[in-house]
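To start, the structure under review is shown below, and the notes come after it.
Going in written order, the chains are labelled A, B, C and D, and every chain counts its residues from 1.
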């Protein structure tokens, strides 16, 4: 396996932290640099003390990261809105995996509605493949640009893609999703203040979460006749890692759990990170790239449950899964490890 | 205020624990006895060490609790299935508040379906008033028998009652509810093993939770033309106390958040424990009898959020609220205290 | 009971939060105002949503709190260093209870060493009684000024006072103390960021915690011949509330657990908030003003364990206990309630 | 690297869980069988759902595990007291790593005092090397039998070994140690019931923890003149993983932090899993085999802090580290991975 040179922009956050946890041990990769403007010159293991003894890297700034010319692949782990400014200035042949939402949406008006600003480089969006690995492998193998999905979007799409691709549902779908505090990022804010968050459960961003349009766009590309509507409601749960999505559908006709199982098995045959189980639980996917899927049926009512780790399959793990495909490697390279029990 | 003599059957569990935390300080009440067969003869503060220094009570057994003849009110905090055996042998004029599910359902077949056994004393059920205080105050003032609602039922009914009573919804309603580990009771079981539960989020009892039929029965009594369907999905969250319910409805016509607010304000005017807020959070109701309600609207889509403490408004707190009405006291007596922040 | 007018400076923090949770329901008190400069004009229940429906107070600023002239008692819940600037300007006959460290230490050099600044009003310090209630009741009844102890100091003093007052120990004492995240205050900071704090256990302020000198000063006033040394090491534990102190002493001579028990019983006879138990646990004191004390002995080795709630007996609870004495009430007034189980 | 055949007795507990998480991905190892009498015939990933998709192993019983004749190495992850019955019947040339306490202590009377039963096969104890890797590498390379240290013992020894080996301390040493709930094992018991444990902090086994004598025995073998005494006090903290030990020593003479640092650097030079840091924190070692060590000095007072993961460096991780040495591999093989941040 030839070693490729990768860089990370935005390496001090949790996305960067998880990228490093994977990439420092990936057999095909050298981490050429990690950039984080607020940490320039400081050791990477100051921001990520779990990595002490495992790397001597120091943070560079974005400007000083001119090693880009010798780089094979760049991960962008920046806050929403930064990638769309940076990408136009990056080399055309550089492989780029953007973990932010900047290049996921094709429609500039929808982008502006959900992200609150105009998109300055929307023309570049069409070069990006949406990195929901399990449905876009063929395109991912060939692309130089990946828009990595949002964490909630990944969870909801894993649950809905098999159903929508077979047009099994009718009418309104409700996706009730819950996330841990790591989804809010590495910066201390009131919503992640330990004394309150430890006993908090609350809803946020009703009807307006920015992951909603990428789900809708993807499902419509799968089945153009699908017209939703999809209600996505996100919640803060008092845990650190994990997303749990409960997705409520009405089926076209009464169906058995076994029949639903066949649909999911067919859809995810060969997808080693999707595990079909009787009762998904965040406890069994945390710290891993696995997504566990289960379901319950009652006549025409179907509930699909998806559990995944928001920082792994919901961010850095899926990003590396996509990188593996872009470089022609097995998509499981560097990712085939479980989280702990307990 | 004349002091009345109350007893508790099943005082070693969390329902009993919270009843004691309230009743020992209630200005109208003497706790005459606390029965728990496995703890007979031991001090109550051995089971509930938070009460050390606040009571010298010891547990009696059910059989030895013959003080019943001098009792004014008996709380039954037993596992489902015990009350229906005990109640027929209790004095007719004794006020009884049953925290279990035994006397909530009017239909024996539905009881058997959800509780897995035949009901031996269903004829007595009609003497019981369903203790969802906010809609049944008039009946509660006059009754000697209360079937205290289930925790999930309380949360969902608080959210749905104003809407259903005005026939504002159309079609399927989805109630996605999450509970803390205290809902599983005081006995250590695998599902509440700290190493796993601390990072667990999972669903359970799809389409089959025993609180579903009491919600449906209550809403149908409110508006006989309402025919659901109602999907109730319960989840285990990695917190100790609290229920958070997200209730997804389709409205009859496009409505504003203000209009929904007027409906809730009218419904809960004079209900001191229901607080209408912008964003309910378990953190602000824990350890208290308050239920916080919020909502979001988008055209005809409405999501109602309810947060409450499963052991308080969802069990012992509402039970005492009902007792207060039964004895002619203000329903807030002994209950008007906040939980802590944080 | 005549109602007295109390005010709070610094009412938006956790000390203020707990003061309000107690004082709003205290039978002898009206809360005249709550001041917090950053919240002026906003409702108190915005900062403390647990209090919704229980108060209509709004925050005032310090300057606008000129109701001070009609005030009977002022609680100062400000960051260290503010009280010593404010107190000289306050009316002489106003009762003041300072929750900060400003007036605990008699020696200006020691104050400067531990608090990092010179004390501008040290001459006023001698008017303050150190508010470790259990040993200073007589002085508290008569004083107009109370320096309320630090949370760690309260825990360690509860464990050591009976031993030192009888000169039972010899040589070095080690106090290993652990606190929950609420001890860091209501402002989100990196050390209380939920994703990290949830799995954190670490030590801080070795040999330099500002609560050390107030413990030493108090014990020397109890027994002038006691000369320590005392090692105090504080730790951050991944819980919200509570302090647990393990205090390691060497006894003058081999002693039995029963003999130690007699010493503690005698010392805390009549002290309703000190409970002598076999194994203290933060779980049983959280949200309450109780401090649970236990011990283990092996020959001349003694370990004393103290569990208390850092915001209650370690701050606001003890402050109200002291206020009760200052106004001639039972010290338990408004405080005699348990925390919940669970 | 030749692949060796390993088996696990007691594979359903947390030690077994972590052994599998490491060994299934270890480049030199095939897991030949996993035995757990209560799970015979069931899939390993039923007990450890984190391993779904990563193994098809099923549990065997101890009796049916007669593959032992073709086995190279057997891990014993059984409750204390079982290994000492099993080992006499196992083949002489089989490499055995015992995670229980059965073969750690040389003195039968001390074993009986701390483990509450007589040792039936104490003569075999002398064949066992105590598996505190960092001091026993030479013996571990040559042995066929390893008594893997206890979790608390590992933490305390890491902190004390460099000091005692240079005779730097005088008199009494206090080790105050705190552990997460995973230390109590995989079976739900009252002490690990989530509703209570989530807010619990308490002490247990004062002066009587079974890890005390193995620490004392090891330190005396390091420096025969060392005579303690050592006080070990263990605590339950409301976290899942991790041990944090605070070790209080009195130094022979005033020493600087730098001088202590030199002692630790010399002692652990070449020990890749011991990291010397300014402030150890369980958060940075969880899920990894690293132990972080820090210290604070004030004149002759020294406090050493050690943080490690009780299931990794404190159990399964160190066991594999020892296996690596026994088979002539780098001790880091299969273990050089960080835990996550957060």
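We take it that a contact is a pair of C-beta atoms (placed from the backbone, for glycine too) under 8 Å apart; a residue touches a chain by one contact, two chains touch by 3 or more.
Predicted, not measured: the structure shown is a model, and the values here were computed from it.
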Chain at maximum distance from chain D, centres defined as averaged CA atoms: B
Chain pair with more C-beta contacts, B-C versus C-D: C-D
Rounded Å distance, chain A centre to chain C centre (Cα mean): 46
Mean-CA-position distance for chain C and chain B (Å): 36
Cα-centroid distance, chain C relative to chain D, in whole angstrom: 39
Per-residue multi-chain contacts in chain C, two or more chains: 14, 182, 186, 195, 197-199, 238, 240-241, 281, 283, 341-342
List of chain A residues in touch with chain D within their complex: 14, 17-18, 21, 25, 48-54, 182, 186, 240-241, 272-273, 275, 277, 281, 283-285, 287-288, 290, 292, 311, 336-342
In the complex, chain A residues that touch chain C: 14, 180-182, 184, 186-190, 192-195, 197-199, 240-241
Chain B contact footprint on chain A (complex, rising order): 172, 174, 176, 178, 195-204, 206-207, 229, 231, 233, 235, 237-242, 244, 246, 248, 250, 279-283, 286, 294, 296, 298, 301, 303, 305, 307, 341-342
